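Pasting in a structure now, in structure tokens, and then I'll have a few things to ask.
A, B, C, D and E are the chain letters, set down in written order, and residue numbers restart from 1 in every chain.
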Amino acid sequence: MKYLSYPGCSLRSTGRAYEESIVAVFKALEIEYEELKDWNCCGATSYVSIDETDAFALAARNLALAELQVAEGTINLIAPCSACYLVLSKTERYLEDYPDVRTNVNAKLDKAGLHYNGRVEVRHPLDVLVNDYGLEKISKRVKYPLKGLKVASYYGCQVVRPFAKFDHSHYPVTMDKLVQALGAEPVDWPLKTRCCGGSLTGTTQEAGLRLNRLLLKEAQKRGADIMLTCCPLCQHNLECYQERINRIYQEEIDIPVAYFTQLIGVALGLSEKELGMQRLFKKPSLEKFMHPKGEMAHA
Amino acid sequence: MQLPTQKSVQQDEAPQKIEKMKHVVRRIKFESELDLDFGERVAEKAYGQKLLSCIQCGTCSATCPLAHYMDYTPRKIIAMTREGFKEEVLNSLTIWLCASCYSCYVQCPRQIHITDVMYALKREAIQLGFHPKRLPIPILAQEFYKRVLKDGRNTESWLLISLYLRTNPFKMLKESILGLKLFLRGRLTIGKEHVKRRDQIHAILEHKKGGQPL
Amino acid sequence: MHNYEQKEAVRIGFYICHCGHNIASIVDVKAVAEYVKSLPGVVVSCEYKYMCSDPGQELIQKDIHEHSLNRIIVASCSPLLHEHTFRTAVEKGGLNPYYFQMVNIREDVSWVHTDAKAATEKSKDLARAAVQRVFHHKALETKHVKIHPDVLIVGGGIAGIHAALTLANSGKKVFLVERQPTIGGHMAMFDKTFPTLDCAACILTPKMSQVKNHPNITLWTYSEVTKVDGYVGNYKITIKRKPRYINEELCVGCMDCIEKCVYKEGKTPDEFNVGLSKRKPVYIPFPQATPQIVLIDPEACIEFKSGRCKKTCVEACDRKAIDFNQKEEMKEIEVGTIILATGYHTFDAKRVPFYGYGKYPNVYTSLEVERLVNASGPTGGELILRDGRHPKTVGIIHCVGSRDKNTNRWCSRTCCMYSLKLAHLLKEHTEAEVYNFYIDIRAAGKSYEEFYDKLLDENVHFIRGRVAEVSDWAVRSSEEGKLIIRAEDTMIGIVRRIPVDMVVLAVGMEPQSDSQDVRRLFNISCSTEGFFLERHPKLAPVDTFTDGIFIAGACQGPKDIPDSVAQAGAAAAQALTLIDTGEIELEPNTAFVVQDDCSGCRTCLTICPYNAISRDEAKQKAFINEALCKGCGTCVAACPSGAIKQNLFEDEMIFSEINGLLENTPVVCC
Amino acid sequence: MLTAGEQSKTNTWEPRIVAFFCNWCTYTAADLAGVSRLRHAPNARIIRVMCSGRVDPQFILDAFSKGADGVLLGGCHPGDCHYMEGNYKALRRMRLLKRMLKDMGIEEHRFRLEWISASEGERIKTVINEMTEQVRTLGPLGLPKKFEEWDTEMEVLERTVNGKEEAVHA
Amino acid sequence: MPEKPKVTFYWCASCGGCEESVVDLAENILDVVAAVDIVMWPVAMDFKKKDVEAMEDKSILVSMINGAIRTSEQEEMAKLMRRKSQLVIAYGSCAHLGGIPGLANQFQREEILQYIFEESPSTVNPQKTRPERKVMTNGNAVTLPNFFNVVRALDQVIDVDYYLPGCPPTPKLLKQALDALLSGNLPEKGTVLAPDIALCDECPKKDTKPSDLKFTEFKRPHLVQIDSATCLLAQGIVCMGPATRGGCEGVCISGNMPCTGCFGPTSRVKDQGAKILSALASQVEAKDEKGIDATLATIPDPVGTFYRYGLPISLLRRKNF
């Protein structure tokens, strides 16, 4: 199976570590993919506030480009950023469900000499790794099982609803199963999909910071050593504002927030640099949990 | 932020002779002050979503992570939209606080696509110039829009700079430490990202080319 | 092509009905009547206020005589409603009833269109189609079949029990088939009934034993219908009787075997207590189970699993009733009518994960609470939570799996009332604070609103808001260790977090999980939701589209006890009516092979679902057995040389209908 | 050139849809739509048959040839046929007929097979409205008019070739 | 000696096989010639149009016209014969049903002309020259007949009294028809002069057809080894016999070729193609759309298969453009 990847704007700036770790992990697992050529911004949550047809058309250009790049069959387009994943899947779904949207969007694409035929399936790397590649294969490749590491998986909002098909929209388990496959211990907590506020941290900080505070506090309270995310904006919010939250709300939050792909990389034995660990504000100290497979057998 | 209810609810012109009572606000809405087709118009813009089938159960409000900050709960927004309280709805903070987490969308027992309704209201508000001035959220949307219109991609650093310039330049200073930290870790770029075939982007968004979106 | 000339001149009477305002307010009936008068063959064309009324019918009969009419057309409502009425009227007028044709201008026109002009044009088209059609009508003979007087009732809940007793008391023989080991259904599990708060068992168990002892009732529990053949009046039913591994004739229900079972404690979740307690492999569902016969669960019994049990139960039974070699048994019976009272299924609360059922031990379903507060329940009526505590605050969440398009969109009708009842019982048992979270309180039955009043007076909290989530996410110290219910208090317009010790989910009513299989087995229809579909929502609420099969109770839709009982009585009455009529008319719409035209190509033989077509090997032609043919007409459509015809639906009739519908089509340039 | 009369007819053209509904499911659903007052387009004319399996492909072709712009066939859902399998027979015939209609230049949306159970009154409304609109977009099929044109083809062609010369014996 | 009844044979759009079939009467033809006076038979004798025009109306007893109507000349001649004859018999499948030429109703006139004069593999015509309708030679105007867009059966142009079916009609049926004509023992107008029962009735392989036939695949006759003893449908080969009028006595089937329907439908059927479609599709085994389509896909050209002879008289008559 061949994949196309759609990095999206965030993975080129705040989320660089995410992209680096995806590249490293996919390479280590020998999952082939190529980047979608000349992709453009998905429109995120903002564009649709201005003009909806344009927003869909903008997103649909990527889908149309994917069809140009891959001549036939269903195309699995991997979108790691939650917003990109949602917007592209939503576009794909609405184009299918609403004939008006389809007509209007294709009329716009037409002007750019493009057309979308409905061959793209938008996928999240989490879905691809767990459901296509398989947990069993991942755990076979693990070199350093992360024994004893308590992980709070944080999915955020947009990756599981409402267009995702691979997990439940409020109580997803995909990442937790992955965590188990890496030898670590998932923490069950009720806020896995509660929104981090998205761009509100930049615009309406009181609301944005409070949401992040609740998430961080609860994860810490439930004994998590690390929070894992699968979205660059969530990671940014949860990690970069910790200091400010502590200052404003007099909290003592101290929890590293990493990408799930980084944790896979660590367990696979990839180097910190390959995984972009140096880009994190709070580098998780995982060494004490890393037990080479041989040792595990003796233990 | 002023609560729009007080602003928009019309007060009868009291005869000059009677002294106005400061603490007593007379509130009433006359049918003639409503925009009765508003609900149907919005419903149409949100894919014929059946706003009208809302049973006012409040699931959307209860599941909303931001309902605490809203002047009207999402449920009320639906009720008011349906009944034609256009001014109140378009002036409300609620629509801007919606973070598009889609929680209400998936849990609504009537399967109303509430997030799409909120988007439709945001568009309506921007088009009709209703949103509170200098409220950063709609401005972020507009700046984002311009950036993508121009380059086909968004560059986060530049987006934030333009946002702060339009809303609160002092905030930029406040955020500069965080910005520096990000920069040092290679998480902020100075160079602008753009697509090669900008002509395609411009063709798709043709009617807006070069011009102001609003 | 064929020559369709008729031997005798066709003289048509056309009657258009106003149906009060139902038709006449949209369709210009006068214009239609006027128009039809101009069509070839039409002798009489008139309008009348209510054609189905006696004077309306008499009008037809009078005209048949006065104008020597030999074809009658009535344009009114759906033929499914009144075709029979008018055929009878025509027959009384001295004409063969099959010279009649009905035009539906109410359900298909006036009720669904708003444009009067278009509706009138459509009515004219439909009328013209009928006029052209009746030219080809023929006199046919109505067939009659005898009704077997015995009745099959499927399902032994309160509806099935009531229907069985009603029929048996009137002297009819009834077979009551129940798949559980006991009759009683859901009602037997309830503690009290609303709004009177009388004990469910006290009013139900006497009826259960009446069923057991009634000479006219054959009760087969732990049995299922597996095959249904035949048609109204003459159904052949096959019933599978599952082995109890107990000889029913010998067992007296002393339960010594249960006591002596090698298991000292039960290990299998007890179905009757909804899994809140455990039972042994040999068990009786509950003390008043009817029949009072134990059974062995082969999934749990050591003897069945390993063959090496000490079989203390066999020793304990004086009457030697235990029989490990018992086999499943098939019974075949003949009945004339069937009543389906297969009941409902409670909504699986795990389908709404937001409410934490199965995740948080103190979240219960309403059915579990019924058992929990019941004196014969797993805790002897004491309200002890799964974690051993007594609740101080309880939240009851209404509409779980009801009024929700993500699960079930219908209102389950009973949950409001039983939630009020449970609120009362919980308060009575524990003196806890009780919060009801509701969308609307539906208390429309007799004395129901008064019951709601009473609960308000008892200071039960009513919060109007659908709960979004139950979780253990504590934000304040006061919330630690509690379940937190999050809902918008819509009356106040603010989101509230309410910590409670116990959550009760008022789960809705669903069709039985196998209702589709049952429906296919009996060849009836289901509504979209999966409940069995009645023939008419108002006028034939217990009939189905299959003659001789009736429905009662919650299998037709959510219902409380009084409604189920009323419907069961109605179903019994319908069955009685058929039985007492003695025979029933059958539509003569069977197919036949025109022998001279048949080439013997065998196409029809391969496609008849009823094996009604055979081949006369001597003549080398196909032949249809009229008694087996059910009149679907699929062989007619397939016959490649047009040698098969279907009475009432001959090709010529349909072609002329098509022609009639379209004849007036304006020619349009493309 | 259209005469004034013809023009007015063109302006008032309304799609004509002939609908064959099975007695047990789809016809009952149409009744339910009526009882529930589910308003829909007045363009469909229903012919009741006992089973969708009774519908001979000839009926569909005949309807088109007599001037129908669309034909709708409604039966019980697969597995739900009152006569066990009549709807499967309808399905098989109509799959082939649909292909043939396509080869004969009849647009796909002009012929539709729908499974509508007795409870789906709402579906009657949706299907009829949807089909009416689809057929409206396609415009009239107008076979009777075309037949007429084909039968007088000689006249038309002769006129164009030979100027004013009239066709022989036309 | 009383005047012998006048008879004509005329040839429209057809292959000429019908004309040959007259000769197939063999020695019987002598009886025919002795009994009638053939006043027009272009394929065999040199009569001119003006000779017929000169005759009195209804002076011919019967005109046997074969071939479909494809050109203006054919229409003109058909109308002329009609005027001059008491009876007209549509002779053979093309006149009766439209026939093989009728398959052209799947195309537009221009498509056909373009293919014939420009695109067919054997054509070299770089200038794309087309025949002119009117050409002046030596001062005389030569006119070609007009080539119609639509192919019609004979009765779609003129009133027809009887139909003699077949491609071509069998000598036996022709003999019977002539005997009836000459004896004046005529059936009802409009009758097809062949039995009104499907071919299976007289099929030699009739007994070998099973009663529970289910199709999973249709096979094309040239791709399988045909068992000459067994019903062709039972072997999965599309045979139009069940939907085709008998009378040919299964000549093709005896030659191991399936019936392709040249005798047209029985009197009870309006559209032969729709009927055989219905019969065959009903017997497909699959129940799901995909499976059904897969089986039916093995009939690659339904129109060409089911309407090989009858497209112009089918309910749709021609492809809709």
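Definition applied: contacts are C-beta pairs under 8 Å (C-beta built on N, C-alpha and C of every residue); 3 or more make two chains touch, one makes a residue touch a chain.
Keep in mind the model is a prediction, meaning the values are calculated, not measured.
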item: Chain C reached from chain B - shortest hop count over touching chains; value: 1
item: Both-way neighbours, i.e. chains that touch chain E and touch chain B; value: C
item: Pair sharing more residue contacts (C-beta pairs) when C-E is set against D-E; value: D-E
item: Taking each chain's C-alpha mean as its centre, the one farthest from chain A; value: E
item: Of all other chains, the one whose Cα centre sits farthest from chain C; value: E
item: CA centroid of chain B to CA centroid of chain D, Å; value: 48
item: Computed distance of Cα centres, chain D from chain A, in Å; value: 51
item: Chain A and chain B: spacing of chain centres that average the CA atoms, whole Å; value: 26
item: Whole-Å gap between the CA centroids of chain A and chain E; value: 70
item: Where chain C touches two or more other chains, by residue; value: 354, 607, 634, 637-638, 651, 655
item: Chain E: positions in contact with at least two other chains; value: 269-270, 275, 278, 282
item: Multi-chain contact residues (two or more partners), chain D; value: 56-58, 62, 89, 93, 146
item: Contact pairs between chains, per stated definition; value: A-B, A-C, B-C, C-D, C-E, D-E
item: Residue ranges of chain C touching chain A (in the complex, touch as defined); value: 353-354, 471-473, 475
item: Residue numbers on chain A that touch chain C, as the complex places them; value: 168, 170-171, 189-191, 214, 218
item: Chain E residues touching chain D - in the complex, by the definition given at the top; value: 72, 75-76, 79-80, 83, 106, 133-134, 146, 148-150, 152, 156-157, 269-271, 273-275, 277-278, 280-282, 284, 286-287, 289, 292-293, 296, 299, 301-303, 306, 314-321
item: In the complex with chain D, residue positions of chain C that touch it; value: 78-81, 104, 106-109, 111-115, 118-119, 121-122, 125-126, 129, 519-520, 523, 525-528, 533, 537, 545-546, 589, 607, 609-610, 630-634, 636-638, 646, 649, 651, 654-655, 657-659, 661-663, 665-670
item: Chain E contact footprint on chain D (complex, rising order); value: 56-58, 60-62, 64-65, 78, 88-89, 91-93, 95-97, 99-100, 103-106, 141, 143, 146-147, 150-151, 153-154, 157-158, 161, 167-169
